[in-house]
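Listed after this line are the structures, all set down as structure tokens.
Two complexes, one shared chain (chain A), two partners (chain B, chain C).
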Partner chain A sequence: MTLYASVRHGLAVTGGRAVLGVVRWRDTFRRPRAHPHLAPPLRSGVRLKELIARHYLKGRTASSAVPVAWVTSGAPVEPLVALGYHVHYPENHGAICGIRRVAEDLCTAAESAGWSRDLCSYARTDLGVVLTGRTPVGRLPRPDLLVCCTNICQTVLGWYQVLAERFGVPMALVDTPFLYGTAPPHALTYVERQIEVLVEAAERAAGRTLDPGRLHAVTRRSKDACTLWREVVDRARHRPSPITAFDTFVHMAPIVEMRGEACTVDYYAALLEELDGRVARGEGALLEEQVRLAWDNLPIWPRMRWLSDRLAARGAALVASPYARAWGELADLIDPERPVASAARVYLHPILNLGIGQRLAALRALARDCQVDGVLLHSDRSCRPWSSGQADIRDRLVREDKIPALLLEADHSDPRAFSEAQASARIDAFLEGLGA
Partner chain B sequence: MLPVHHPRALWRAHGYLPVEVWGPPGTDATPAGAHLQPFLCSIPRCGLAFHLAGGLRDVDVVVVPHACDALQGLGSILTDLPPRPLPALTPYLPRATGEVAVAFLAAEIATLSTRLAEGSQRGPTADDLLAAALDEEAADAAFRALLDARPRISLSNAAFYEAVRSREYLPPAEFRAVAEVALAATGPVDGIPVLLSGIVPEPAGLLACLDRHGVRVVADDTACVGRRRYAPGTSTEPFRRMAEALGSGPPDTTRGSPLSERVAYVVALAAQTGARAALLAIPGSCDPELFALPVLRQALEAAGVRTLHLETDLSMPFTAQADTRVEALLESLP
Partner chain C sequence: MTVAAIGVDAGSTTLKVAALDAAGTLLWSRLEPASPRTAEQATALLAACASEAGPGKGAPIVATGYGRDLVLGAVRRVTEITCHARGVFAQVGGACTVLDLGGQDTKVLALGASGRVLDFAMNDRCAAGTGRFLEVTAARLGLSLEAFDAAATAAHHEAVISSTCTVFAESEMVSLLARGTPVEAIAAGLHRAMARRVAALARQVGIRPPILASGGVALSGSVRRALSRELDQDVGLPRHAQLLGAVGAALVGLDPSSPGPIRVAGRPRPV
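The block that comes next holds the complex of A and B.
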């Protein structure tokens, strides 16, 4: 860490915060564009935009000013936040690249360097960013530490090993055995030991020691934010739903990349209040909610607006998804009094680390709780762990639960794996079947 | 047994006959399409199709070790929503290293042992387990000797791999006998020395192609052969000993070995054996291999070893195009 970098970072953060505050103030008074089928966007979106912009702005000058970690989305970040790391999430950044429609170019850059198009498009996008330096957020900070947790897939392991080779920095691995139920004791011990090693590696890279009091506070904030997020996604139980799954895909950004920070707790408290206002007034996210759907797997980031408009035009409200819900459902397991031991349990049990029987059960519970009329399952070329088993899940939903379900082929970030004509025809036929 | 690493001694101590299924190649994978998407690796798709076609009807239990996301998907389907009932075991192989990984794997093997004993209503003693582990270690020693002697063994590639891969199904003593015969087949050797990397040397046409073009595989870095050069364990506690052995193999993408270690190992292997080229036969969509591929190729090329990446599909025959690419590689060698 250098004095110059620290001063520059401090000035950039303070100055940027002021500018973004003005932008937020301006946007607060801006009248949203009227949509023929959707309610006005959530007012909290203005604050969300500011939070995300602030996070990436901090990242632009973080190198050499504060320790920087690049982490997988399911990694135990609380020790890093408590140690003062700036935490960068390549997957979230990959989603931004998808939404901003620059993922294809970045993927192509990685493919030109030899990485197969069969690999995850988040990984290819990230490798493209590393190779070209191009990013829609201006500049990414160079990592001092890589933290890879396999609770979302094994893909991240290969990906982060390449990053470790490229940047020449240490990679801390938190390997989480795949579960078919609750974790056995030896799996909990295995993960807990690795988190302890992660803490040691993070202390070494940061050149400071973890303060237990600070870790306690950060873990408490993680728990509070996850609890609030669970409440947010659960508001979709109301009819009409005050929030769509598309909203949750966007509003989940802070719980993923700012977990453990105070602003995240404040943000979700405000969002929840806004949703409760909608519920009290009987306002839905759609002007006219005719049918309710659930979504399985990651969103199709580059075509999210297209899909949202297409469904809304037919009065179809996409109200829930296990993907967004995943960030809140483990809130009860987080124990600030036992931050490392409870983290082992929490980070072992995300839905992506569970067998498809449990994924089916989760989808069934979601369908019941949110009273959905049908399920759209995104067969995502880039997310093999989530996509494996979807055909059997769909089959069970249709056959045993009498819930119509459609398997839709696409990719979460690479637009080349999406055919609008085919998707349109299949979605329209599906909705007709539902009477929408 | 599906790929890659599993405690052979455990199955044998429980009285099971472990037979590995790498695909199997040549299976029509179409029926698996109702359960696994075509963009997944052909090994689990062929494995599932083989099962759906009744290929596993005489099998008491199927074991799907956690080697990658694709096999995780297959294991999960067979465990949770099986299209055709068959008891499935899905041991997890740690990607971490050191004592924490050995302790975890030993506990995982102990859990498997308990489940097997529940199924068979009888369990081996600690002595039985240790004896089985020692038997397998003796076979592993013969396996290593066979690989080390490859540059001096006059067998064709197809014949050599038939011998070395019999480790996938033969009991330890029988494998040692096969290895002894193969080791005795010394004589004048020729051919262009190459290193073979990837997951499995399939489809079978690959080895036939190499034999036809006068290529001699002198070094193996495939997951099914070279990356299972296990060293013997040291513990007297059988589960721990099995875990030590399983974690002792060369760097392997499916065990999450650091990329730098793996690249250094493969480059050194090529140098030690005098390989002039490296064939990287990788099933399409194989994430663990495909991430490492560009880095590995770059390092090998920098070391003067020409490389060729062949994308394989176990449900398809070896193609004429691939044959031509091998031929072109050989023509380009200095």
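The block that comes next holds the complex of A and C.
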């Protein structure tokens, strides 16, 4: 960490915060363009934009000023936040690249360097960024540490090994045994030991010692934010739903990449208040909600607007998804009094680390809680952990629960795996079957 | 008899128009290879319908097929799934399975006792199991589709073609020809390969007898026989099999309570 870098970082953060504050102030008074089928966007969206912009702005000057870690979305991040790390999430950045439609170019760069098209498009996008230096957020900070947790998939292991080699920095691995029920004691001990080793590696890379008081506070804020997030997604139980799954895909950014920070807790408290206002006034996210649907898997980032418009035009409200719900469901497992031991339990239980039976159960619970009329399952070409087993899940929903369900072929970031004509034919026929 | 509703099926291979009277009887129909200018072609066929079958004042036009958004004057646009379901249900009147075998698309629909589409499956971004598979492989054998059908019917035995992918099946075919396998056996094998793919789709949605095949490809006796053998059940041919999309669209026009896009506007009611 150099003095020059620290001063530059401090100036950038303070200056950037001021500029973004002005932008937010301006946006607060802007009247959004009226949508023919959707309610005016949530006001909290303005604040969300500011939070994300601030996060990436901080990242631009973070190298050498503060320790930097690149982490997987399901990594135990609380010790890093408590140690003052700037934490970068390549998966979230991959989603931004997907939304901004630059993922294809970046994926192609990775493919030209020899990576297979079957590899996760987040991984390809990230490797493309590393190879070309191109990113829609300006510049990414160089990592001092990589933290890879396999509770989402095994792909991240190879991906982070490549990053470790490329950047020549240490990689801390948290290997999480796959679960078919609740975690057995030996699995908890195994993960807890690895988190302890991660803390040591993070202390070494940062040149600081972890303050237990700070870890307690950060874990508390993670718990508070997850609890609030659970409430936010739970508002989809109301008819009409004040929030769509598309909203949750966007508004979940802070719970993933700013978990443990105070601004995240404040943000979700404000969002919840806004949703409660909609509920009290009987306002839905759609002007007229005729049928309610659930979504399985990651969003199709490059086509999210298209899909949202197509569904809304027919009065179909996509109200919830296990993907967005996942963070809220871990809230009760977080215990600030036992931050490391409880982290072992929390990070063993994300939905992607559970068997297909539990994924089906989660979807059934969601369908029941949110009274959905049908389920759209996104069969994601390059995310196999989410997509394997979906055909069976679909069959059981249709046959045993009598819930109409549709499998849609696409990809979370790579637009080449999506065919608009085929998707529209399926979606329209499915909605006709539901009477929408 | 006057025209009470008109259906236009702007498919990927052919464009079909069907005019029905109020009782659902087919009064007039026309089928043409699809031109790239869908809007003009549909308008010309609708004009032909008006002059030959009578103007049918106020008869609603309902469009379906991939080009449905391009049909001018349509009051509703509905998917082929709904239209084929309506077309077949009007003849069967109960639960059944529909195999809609189109030029570039194969769909399997499971209909409930009331005619509702309970579930459906479509071939995914691949020509396996569609009319295109037969077209390409027949052309490789130098046969017209009719001659291809006749060759498969005349076969004494079936060559084994394991691939359902059009490109791979073509190379399997070439090596069979090189080994001197009779064209008839290859034709039968290709029909069987296609039937295997369609049967796999059908099993996905679950088969409810009777099974009926609609769409242009269903007209081939060899295709239906191969499907029957693969599914171990009779595969029937409904009336107007190739026109069923357009007929179903016109049936949707006759019955305003049938599903279709609903325009939404205004504020929601609080619950």
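Operating definition for what follows: the second predicted complex is superposed on the first by the 436 of 436 C-alpha atoms of A that agree within 3 Å, B and C clash if a C-alpha of one lies under 4 Å from a C-alpha of the other, contacts with A are read in each partner's own complex, and residues count from 1 in each chain.
Following the convention adopted for this analysis, a residue touches a chain if its C-beta (ideal position, glycine included) is under 8 Å from a C-beta of that chain, and two chains touch if they have at least 3 such contacts.
No experiment lies behind these values; they were computed from the predicted model shown.
Three-chain overlay on chain A, with chain B and chain C fitting side by side and no clash. When the two complexes are overlaid on their common chain A, residue A:R239 makes contact with chain C while staying clear of chain B. Contacts of A:G84 after superposition: neither chain B nor chain C is touched. Of the two partner chains placed by the overlay, only chain B lies in contact with A:S388; chain C stays clear of it. Here chain B and chain C are compared by how many residues of chain A each touches, and B touches more.
In the superposition on chain A, contact is made by A:W115 with chain B only, not with chain C.
By the document's definition of touching, of the two partners only chain B reaches A:G355; chain C does not. Within the superposed three-chain model, A:P40 lies out of touch with both chain B and chain C [touch as defined at top].
After overlaying the two complexes on the shared chain, residue contacts for A:T150 are found with chain B alone; chain C is out of touch. In the overlay built on the shared chain, the residue A:P212 is in contact with neither chain B nor chain C. Taking every C-alpha of chain B against every C-alpha of chain C after the fit on chain A, the minimum distance is 7 Å. Judged by the document's definition of touching, chain A residues 391 lie at the interface with chain B and also at the interface with chain C.
Every residue of chain A that touches chain C in the complex is listed here, in rising order: 36-37, 238-240, 281-284, 286-290, 313-315, 391, 395, 398-399, 404, 409, 419, 421-422, 425-426, 428-429, 432-433, 435-436.
Residue ranges on chain A touching chain B, taken from their complex, read 113-116, 118-120, 123, 150, 153-155, 157-159, 161-162, 164-165, 171, 173, 175, 177-178, 180, 184, 186-187, 189-190, 193-194, 197, 355-358, 360, 379, 381, 384-385, 387-393, 396.
On the side of chain C, the complex with chain A involves touching residues 66, 78-82, 105, 116-120, 122, 124-125, 204, 206, 259-262, 264-271. Chain contact summary for the complex, chain B toward chain A: residues 34-37, 39-40, 66, 68-70, 72-77, 79-81, 83, 90, 92, 94-96, 100-101, 103-104, 107-108, 111, 253, 256, 258-260, 284-285, 287-288, 290-295, 297-298.
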